[in-house]
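There are two complexes below, and they share subunit A, which is joined by subunit B in the first and by subunit C in the second.
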Partner chain A sequence: MDNNNEIRIGFYICHCGSNIAGMVDVADVAQYVEKLPGVALSRHYKYMCSDPGQELIQQDIKDHKLNRVVVASCSPLLHEHTFRQATEKGGLNPFFFHMVNIREHDSWVHTDRQAATEKAKALASAAIQRVAYHKPLEMKKVPIHPDVLVVGGGIAGIHAALTLANAGKKVYLVERDPTIGGHMARFDKTFPTLDCAACILTPKMSAVGSNPNITLWSYSEVAEVKGYVGNYKVTVRRKPRYVHEDLCVGCQECIKACVYKEPKFPDEFNEGLGKRKPIYIPFPQATPQVVLIDPETCLQLKLGKCKQTCVAACADRQAIDFHQKEELKQIDVGTIILATGFKTFDAKRLAAYGYGVHQNVYTALEVERLVNASGPTGGEVVLRDGQKPKAIGIIHCVGSRDEKTNRWCSRVCCMYSLKLAHLLKEHSDPATEIYNFYIDMRTPGKGYDEFYDKLLDEGVHFIRGRVGEVTDWAFTPEEEGKLVMRVEDTLAGYVRRIPVDMVVLATGLEPHTDAQAVRRMFNMSCGSEGFFLERHPKLAPVSTFTDGVFIAGCCQGPKDIPDTVAQAGAAAAEAMALIDKKYIEQEPNTAFVDETDCSGCKSCVPLCPYSAISFVEDKKKAVINEALCKGCGTCVAACPSGSIHQNLFEDEEIFKEIEGVLAYD
Partner chain B sequence: MTNGEWTPRIVAFFCNWCTYTAADLAGVSRLKYAANVRIIRVMCSGRVDPQFILEAFAKGADGVLIGGCHPNDCHYSEGNYKMLRRFQLLRRMLPEMGIENDRLRLEWISAAEGEKVKWAINDMVEKVQALGSLGMPGRFQDWDQEMKSLEQKMTTPEEKEVAYAH
Partner chain C sequence: MKYAYYPGCSLRGTGRAYEESLLPVFKALGVEWQEIEDWNCCGATAYMAVDEVKSCVLAARNLAIAEKAGYSDIVAPCSACYLVLNKARHYVEESKAIANTVRRALKTANLTYNCKVKVRHPLDVLVNDVGLDRIKKRVTRPLRELKVVPYYGCQIVRPYSTFDDQANPTAMDRLLNALGAELVYYPLKTRCCGGSLTGTLPEPGLLCTYILLKEAIKRQADVMSTCCSLCQFNLDAYRDKIAAKWEPVEIPVVFFSQLMGLAFGLPAEQIGLQRGFAPMKPLPAPGVAA
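Let's turn to the complex of A and B:
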């Protein structure tokens, strides 16, 4: 490419169907640009991103000896790559191209055609002035470390880890709880097929436990993340279980031997409905099959005084260690998949439903444990007072679709409420009445609406209306000793009082309480509701704005198990695409020092968040390590002598852009 | 200058990761806002050199809007803090030059806050509209003219030397 030639710019403005042309007079803009200095050719075209549109650029470069290309169309975040490629295919360096955003930033946000057209002209003129200063550059290649970190051991993390491990990739799976399995492990059945959740999940869990490519760190959390795509340095905090994982064989003799003869403490896995001992295993199929000791309740750890019968039972395996300390592990990975899941809505926030006040008000997750054969009641539906309910009311949308709490639809509650209605019917006396109180029934999904139809035939009552209150204030003798649900039946058109023995709250899905902290650690964004933000809602649903970090499952937004598994597979495939390519191409927008101008003042050195700038003592000059530079440009803006330059964002380029946007009035 | 009536011209510097993406989101969501702002993309608000801001005013901008990631959320850890420092310095300096504080604005707008882009732009346009045209290029011309006429009044080289010495 001969740089000394006169500048010959080709300008193209896209109609984008009517998306742009509907609000911007594209012919007028093209005409205006044609007269600007350096412009050799100016066209408007229906779809620049189409093949003929791209070929037009390539042909024009050859026919009209263009050496710069400007396209005014959509956001560069969408099609900059497309047009750079077209420019390259036409025989130019791809960075002799600049893009003007006149759709997202212009035609879509304005209502005055004249003002929108003028804005397009100003933006186009800026690009024309700027592009003349573009220099030929090359994409930066960053090698990818082949190992992957998966954070979160629910069904999303498990599926992603197994997919990668089966392809021969080394995976670190970090789970906060003592066992993997997540929420799914607590469910009894899954809708709409009524597969037993444990039967389909536990084989995958043990596959994780036995896969040689997976390093499973349960009861651990990510403490720190440093580095960038291809080279993340992650510190994992391994909390003490007071049991050596490699020595424990999961025989559970120690649990039997504990000085507490009977389980006494609320069992987290069973939502506090059951009891456990200080030394315990969360549930029979827990992975890893390793017991742990709760320091809050263990006599030895709390008081330092105990007969230590567990240690005696463990005998010469010597797995129990009361002196175990928190451990920090450093790992190098190239890509990260976040599958940190969700938290269920805290039903106490809606006081009118009396959760925590009336003992027979349950959350859906508690009922999952109640109907589960391995749950605290062995699958029998009995209330906290030991009675069997004769009437049960299920309230949909608790903490969903509600301006007072969360506005979003949690997507799974309608279906799991139907499932619970079915299971409760199955597990109780046939005469038990079950009521579903819903706003709208949302059953989109394979086999979902058919499941709803099935429930309608099973004699479950459906009442359309949001329940106003759950109260124990009886008006009639029949209501005495019952929970009365006050609801406006919006189909029948009157307010009803329905006495029941048990109320089930279909609590919605929320981001984790520490989702913001996690997102900061991984340098990502959250949407306004607090779920992790994907790079593009349709076209990059598992990518994030941080290269090499992918998201899967409910941390991205509420979704059911099939969608979660699909996303986990997609995230694994995205990670694999990077690993197998062995490198990632990055924008060459790094900064460099022009040594002739550098005065050696060292202003830039402390500014760099990546410590990419060092000071060479014998030359008295600053030097930027290109491999460490991420291209923010902070040092460039701060250099008093103007000796630091940033590729793609050179001072002259931006000054010309400023001049350009202000040139038109 | 729509329909001959004066409206402000505002130059915006938006960071690639948060505010620029938020402006894209505002577009995709078809939010409607004033057409007075011309957005220039930079990778980080930390790249915004105070000279860019001064240059924009000098070349005829009536206002300059800078958009960056929220504190603690910068894609590059802390570029937005560097911008904040420069912003505070400029806020002290600009009024001395006859540029009112409302003409320079810094907003933290995350990638999810399309609504905030709309609000910030509309609010700023309204405030700058109330202040009226800044007209720096015109003022420069006037000053140049003034200097020239002063120069013409001085005839001898000695006079000129004395004048420039002050």
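Let's turn to the complex of A and C:
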């Protein structure tokens, strides 16, 4: 291809509208590069990534017999692929192209036009020097494992798993809790349509349970993730539920038979408002329909002494097994979808609202259970002290939009507060007064603002102001025995004291406490607030910086059910796009061993994070498996004899690049 | 470790009982202190509102003296002193302009202030340096059956909550608990005592005071425990006026250090208990040490 070894480089600098040209004198850079050795032509152009821009490269390769191409524009993350393709269409090996980032690394981060222009010249000079040494390379193809791991069995994980399974993909759905369903299963109704949450969710849950393409592992957690896109090796820890899932038929005779005649222990599903026995099923529609035993409260497991009436009730099914141990399962998957959800803000962190001090202060999630027909009170609004409230205050933004706790808006609280106001009104005496205390009403969504209007018509009070304090300090006789909400009514312009019987805290959404550990396990990033970081906030909202790992739902940030389901579908589609291609193209920037120099010292072998290096005993040489090598360069740097090289990062390429940037004048 | 001690004006005036009880308690616990030499006004209240920077200079002079004497911690029992000294430190750290003015002013007195001295409240020293275990061991007369309202006032937690929670401070709660006292849940623990309003705008000022006293009585407390000389003064000194306007509110208001003295078995007159307007009822017969 290189006639007479003569290097003919085409250089293109992009204006990127004014993104680059506004801070870098692109014409000056083009002029400078034109005079560098090996440069056959140098141009500046408004948008290199546009079709005419790409065609310009292709045409120039033919007309000017170019054999190397350098484009100075944005980040290679965005358009390296575009320009490699253009180079290939022009008839060159795509790796005879090199890209210089003068936007993110230059124009966007500097304020001195002169200096930014000089920096662009230096970076261009480095690329011109290096590209001459580029060699023709081929992309490598790695087959992709068609199975998918979905982590988290809330509505996001359920929807993603079903979408994939319905398309014929095999899915492992791993859920930490004993049942899938997540937060949505605990909601009473959903806004703004007031559909019963269970009625729309439970059919999807049982569909997961019965779908032959889905392996559901509830009460399980991912313990380890190894490998890379297309070929992940995952270890799942299955916690003992002391009941064999394959033997239990969900008849619940054992629960009736338990030596505890009455439920005695706080029931997690009902936020501790109800009670359960040591052997229990989280809620009637739990999926899988399998009971479990809580080792903290079961007499047999705690003290080793019990009549084991449950075992007798189970009879010859023999599903109960007090000796069940934790189990580790190894699976191979090609792609992973994380839908690990959120946790609600711990209301005790805001001492002024008295959660945990005053018994009639509730969190919103508790109220969801309180108004639910299958909840601990059968849907009747009865307070912890047995009273029916005559006045209820709902505080918005608890742990949201607050510099002292979380700065972000949790997006769902305004709407769920409206919904709870409606439900509380519906489930209480018609004379019950309901107050919403808000900072701003945020109701952007289909049918959401209309729902707000409806609530205004229902006679719910709206007071604009952040509540300062919930106290049992009574100042007037009317306040005696009540909870007093002190608030600056910023529309009326004065401080009010509003006595109520019940306070509802609209707690915000937070990342899980172990989000950082999960992030590390899956090699992802988190934003500053701790939610998993998407690859691009607009154009790659469910991808992560790790290929083959996708995110959906509230683990990426607070969102409502429609948005969560949309993301789950998107993540499933992204996974399928990879699976159905059947292979993954990988960069050829892999390392290789020059056998003539390799002394067989083996120092590289243990260093490789991907176990790509093996030692061939008969030859006494190290060998790198190209399919496993990720091009990290660790072995290249470590090899004492300098016999390991890396494509696209060969010594002469690197040294010329350094020379180019340092020797630039 | 020896602490620099900054009494401020109130501990030599209206809050005399605070010093009279705190120093013997320190002594009983083996806490060493030395009053800094030639201290001056901390710069609190009215002056802070008139000229913040000059007020900072006043406060910084005290800190500079402590720094020069080689102390790392200065104890300021009065909440106003504690706040203003802390504020001066923050201002000097955060504002170059204020730091320059302070430096120039101190230079005329051959002093420098390098933000090395930490400003500490006695509650902080007792709970975090001495520790509740050592305090518990020193208790000879546990305050069992004494129902105490822990009242903090505003200044030790706002705006700088250096050693305790801003919305719900608990250092004094824990301390009183260690003395064996029965704590009364008191949601007004950081509500305004009326501050200097009792002198300038008596009506709203006294209302604040009345609310605090009334609520403590309603919650059946035997005594209110404070950690600020101004709070103690406001709560204790205007009972006649409050009785004339609303109703009598007879509940003793003492410093936490006085309750410590009692629990340590120190005689009442040696810890300034005779100074309160509403006398404390005699303690039940001494029990067995906790």
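By definition in this document, the second predicted complex is superposed on the first by the 659 of 665 C-alpha atoms of A that agree within 3 Å, B and C clash if a C-alpha of one lies under 4 Å from a C-alpha of the other, contacts with A are read in each partner's own complex, and residues count from 1 in each chain.
Rule of thumb we're sticking to: contacts are C-beta pairs under 8 Å (C-beta built on N, C-alpha and C of every residue); 3 or more make two chains touch, one makes a residue touch a chain.
Keep in mind the model is a prediction, meaning the values are calculated, not measured.
> For A:Ala122 in the superposed arrangement: first (subunit B), second (subunit C), both or neither?
first
> According to the stated criteria, A:Thr634 is in contact with first (subunit B), second (subunit C), both, or neither; which is it?
first
> Which one hits more subunit A residues, subunit B or subunit C?
Of the two chains, more subunit A residues are contacted by B.
> Between subunit B and subunit C, whom does A:Tyr494 touch in the aligned arrangement: first, second, both, or neither?
A:Tyr494 contacts neither subunit B nor subunit C.
> Does the superposition put A:Leu77 against subunit B (first), subunit C (second), both, or neither?
first
> Identify the overlap between the subunit B-contacting and the subunit C-contacting residues of subunit A.
Common to the two interfaces on subunit A: nothing.
> Quick check: in the complex, which residue numbers of subunit A touch subunit B?
By the definition above, subunit A touches subunit B via 75-77, 101, 103-106, 108-112, 114-116, 118-119, 122-123, 126, 520, 523, 525-528, 533, 545-546, 589, 607, 609, 630-634, 636-638, 646, 649, 651, 654-655, 657-659, 661-662, 665.
> For subunit A, which residues are in contact with subunit C within the complex?
Residues of subunit A touching subunit C: 350-352, 354, 357, 469, 471-473, 475.
> For subunit C, which residues are in contact with subunit A within the complex?
Within the complex, subunit C contacts subunit A at residues 165, 167-168, 185, 187-188, 211, 215.
> If we count contacts the way the header does, which residues on subunit B are in touch with subunit A in the complex?
1-3, 9, 11, 17-18, 20-21, 23-24, 26-28, 30-33, 35, 38-44, 46-52, 55-56, 59-61, 72-73, 75-79, 82, 86, 110-113, 118
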